[in-house]
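Below are two complexes that have chain A in common, paired first with chain B and then with chain C.
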Partner chain A sequence: MLDGFTTHFIDLMKTVGLNFEFLTSGYEVRMWLDGMVTTLVLVVITIPISLIFGVLFAAALTSGKKWLAVPVRAYVELTRNTPTLVQLMCGFLVLNMLISNALGGAQNNPLTPFFWVVAITGLHVAAFHAEALRGGIEAVPSTTIEAARAIGFNSLQILRYVELPLAVRSALPSIINNLVNLVKLTTVGSAIAVGEITYASIMIWTQRDNVVELMLVILLFFSLINLVVARIGFWLEKRLAVPGFGQ
Partner chain B sequence: MSIVLKQERAKQLPFGGIFAAVLGLTVIAWLFLNQSLGQVLLEWLPYLAKGFTMNVLISILAIAIGTLIGIVLGVMELAPFAVVRAPALVYVQIFRNAPHLVLIFAATYIFPFELVIFGNYVPFPDWVKAVVGLAIPASAHIAEITRGAIQSIPTAQWDAAQGLGFSRSQSLRWIILPQCIKRSLPPWMNLYASITMGTALASLVGVHELLHSANDASTAVQRTDFTVVVYLTVLIAFFLFCYPVSRFTQYLERRLASR
Partner chain C sequence: MLPNAGQVAKKLLDVGILAAFLIGASSAHADATLDRIKARGKLTVGVILSGAPFGYIDPKTQEQKGLNIDVAKALAAGLGVELETQTVTPPNRIQFLQQGKVDILIANMQYTEERAKTLGYVPTPYDRVGGAAVGRKDSGIKDWTDLKGKTACVSQGSNYTQPLIEEYGAQVKALPSQPESLLALKGGNCDVAVHVSGTVSLMLEDRADEWKDYAIIIPSDLIPSDSVIWLRKGEGDTQAALDNIVKSLHVSGKLIEFARTNRLPSIAYLEEQQKKLKDGSQ
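Up next is the complex of A and B:
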């Protein structure tokens, strides 16, 4: 039944000049589907990591403590103004090499290319989240903070119960935008042989020369993921909207 | 929202600059203490610099082409006819959501390595394909910037201009466009910075730009400390190029917001 569908699809695509012959090769199809799954796993793991670190960075930036704010500010500026691929290379080639040397050989190094993609892209986007959240935290009226302090909240509680809930609401559009970028950024993983969809597609099209076909699928795939991310964001925005707050 | 942004801008201190200076000085101090390393890096610097000029060249061409196409698309998005509007909307939707890397790969593999123009074979090198690959997302983003800028001008201004005796083209030239340019300059510069950072992706399709040069250098020299320094150099080079652009963008935003 599925085979029949596949041959039918291949024939149909052939009539419009697209070559999807690779769908008959079990090995390539498996690699291709694995690629899609890997991209989805990357996205699902990296989004929460970026959000957690985004909140931590924003908290550090607005803490008023120099020893916290200055290093984080430096990191944010560095990561916002350098290419993610260069950061990935610095992580995967340089830091990874140093770690391997320190542990006495690459075989002792537990860090995989997958780890580096998650870490670098997650922390990169976290810097953008932090900037968005910081704007929101700083926009909380000082009278609100004073009121919270007056009823006995300490600064962590103020952050958790007063500043963050308000900041998240005003920063949500930028955060969603950053997440869409994050989804696109996961493709840099192909540079260090993480088998996500781009990497799998490169493997297939170097054999079969069907770049246009696979490219169409990749573009559709990313459009779909980003559509879902944007929809969820839109839903959250509606859901979290406080009457009378914000625009 | 505007209050949020104003406070955000007011708090921007040049930490990034300080950080770059600290990082740069650390590298210089290290090279001074380890002179053989400094010598090797000095030998490779011209090669790396040549790589970086390629990054700058690709980014300038990509943003130039992207701007021209993007403005046309942005105006098309506002056209009163659905036939004109629809293709522009679809183009922008697809290519704004597409990863830069994928578009660079697409451009590299889909276009032939030479073109036949009036019977002459014109080479179509990889770096030009990278320009195309980056110009596509740039044009999609610029279309949105253009559309936003035009829409942000109240239509009443057209009527007011007419009331003052301006013709339609005069009011476009003297009243609407100057405001559009002012409003779209900061996002345009943000985009330029992001395209510049995207040029590093061209190394993956074999364009000899900075990251590729660093890779060559590190494989040729085969020294752990040199590998560390050469990649740090790449990081600092991009930072020194993009950070002033982003600072200037923030300055422009601040100035425009206070009007």
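Up next is the complex of A and C:
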């Protein structure tokens, strides 16, 4: 049944000049489908990681405590101003080797290429979230904070109940932007053999020369994911909107 | 008989798609590439510079060297034109060729049936190479069959991927190019790195200190196959002209000389080829 559908699809594509013959080969199709799943898993893991660290970084940056703000500021500048691909190569090929050596051999090193993609891309985008949230936090009127202090809130409570809720609302459009970028950024994993969809496609098209066909699928695939991310963001914006705030 | 509407529509679509993507340069009329090479007085060759002995940049003179370059020079000389090289990598070399950015590829690219379906090639090979597995001396791997379940690093676009996965059940990690793959091997991210045997044996020899814990741990080569020159499909004139030059390079012993000066590990295949072609021409 499935085979019939596949051959039908291949024939249909052939009539418009597209070569999808790899769909009948065993290991390439498996690698390709695994690639789609891996990309989705990467997206589902890196989005919450970037958000959690984004909030932590923003809190540190606006804490007014030097020992917290300075290292985080240094990290934000470093990661924002250098290419992600280089960071990833550095992490996987250099840092990872140093870690292996420190642990007495690669067999003791549990860090996989997958870990490095999640860590590098997640934390990279967290730096952008942090900047967006910092802007939001700093935009909270000082009178509002004074009022919160007057009713006895400490600085953590002010952050949790006053600053963040307002900052999230004003930063949401840029956070969604960052998330859309994060989804696309996961493709750098292909450079260190993380089997996501771009990697799988490169593996297939270098053997079969069906670049156009696989590119089309990649474009459609990412468009769909990001359409969903953007719609959710839009819905959240509407849902969280405070009448009268920010207008 | 009138063609039915479906056929006409299909034909139109085919033509439209071809035009839209600007690929499939294999038009029905004469071979434009040879004419263009002669008219420009220049042969543009896509070469891979992933390391000695096939292609590298001499650190002292900044010149491109290696077997790929020597063969490219000889071809340009044979056609009576100048040589222009364009560096390519395994994942992008086919696109460079298909989009007409290079005329031919001399890019460590062995003959496979799959490739021959979409590309043209010069039938006489200029070398024959197989894959060698570099790994730690204490890894316990002694044969290709020992790779079951082990991780093998290759470069993206390598034709060793399929046999490693399908025949030997290895987990393959493909990195952008050979240096990254070897670095990943050193970092312990893979059990072996499988690359063209000539390149890795020379590297182990020249950088013995750095690689003292490593060796080529499997004595036989993986799928020894013919290194051929690739071109766009349907370019019969270019193909014939280049084939004649490659044959004469075999017969005159030039290719053996190139192999010696570039320190290729084995020239047995080239000697055999020379003998065969000499006998054939008598």
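Of note:
Criterion: the second predicted complex is superposed on the first by the 246 of 247 C-alpha atoms of A that agree within 3 Å, B and C clash if a C-alpha of one lies under 4 Å from a C-alpha of the other, contacts with A are read in each partner's own complex, and residues count from 1 in each chain.
What we mean here is this: a residue touches a chain if its C-beta (ideal position, glycine included) is under 8 Å from a C-beta of that chain, and two chains touch if they have at least 3 such contacts.
Owing to the predicted nature of the structure, the values given are computational and were not obtained by experimental measurement.
The superposed arrangement places chain B and chain C in clashing positions on chain A.
Legend: residue contacts after superposition of the two complexes on their common chain; A:11 is shown touching neither chain B nor chain C. In the superposed model, A:146 lies in contact with neither chain B nor chain C.
When both complexes are overlaid on chain A, the residue A:184 reaches chain B alone and has no touch with chain C.
Of the two partner chains placed by the overlay, only chain C lies in contact with A:192; chain B stays clear of it.
Contacts of A:97 after superposition: both chain B and chain C are touched. When the shared chain is aligned, chain C comes close enough to touch A:27, but chain B does not.
Of the two partner chains placed by the overlay, only chain C lies in contact with A:106; chain B stays clear of it.
Chain A is touched at more residues by one of its partners, and among chain B and chain C that partner is B. Within the superposed three-chain model, A:202 lies in touch with chain B and with chain C [touch as defined at top].
Overlaid on A, the two complexes show chain B and chain C touching the same residues of chain A, namely 89, 93, 97, 191, 202, 211-212.
Against chain A, the residues of chain C that register as touching in their complex are 10, 13-14, 17-18, 21, 23, 90-91, 94-95, 98, 112, 114-115, 118-119, 153, 156-157, 159, 161-162, 165-166, 173-176, 180, 183-184, 186-189. Residues of chain A that touch chain B in their complex: 70, 73-74, 77-78, 80-87, 89-90, 93-94, 97-98, 101, 131, 134-136, 138-139, 170, 180, 184-185, 187-188, 190-191, 198, 202, 205, 211-212, 215, 218-219, 222-223, 226-227, 246-247. Against chain C, the residues of chain A that register as touching in their complex are 15-18, 26-27, 89, 92-93, 96-97, 100, 105-107, 109, 113, 191-193, 199, 202-203, 206-209, 211-212. Residues of chain B that touch chain A in their complex: 1, 3-5, 7-8, 11, 13, 15-16, 18-20, 22, 93-94, 97-102, 105-106, 109-110, 193, 197-201, 203-204, 211, 214-215, 218, 224, 227-228, 231-232, 234-235, 238-239, 242-243, 246.
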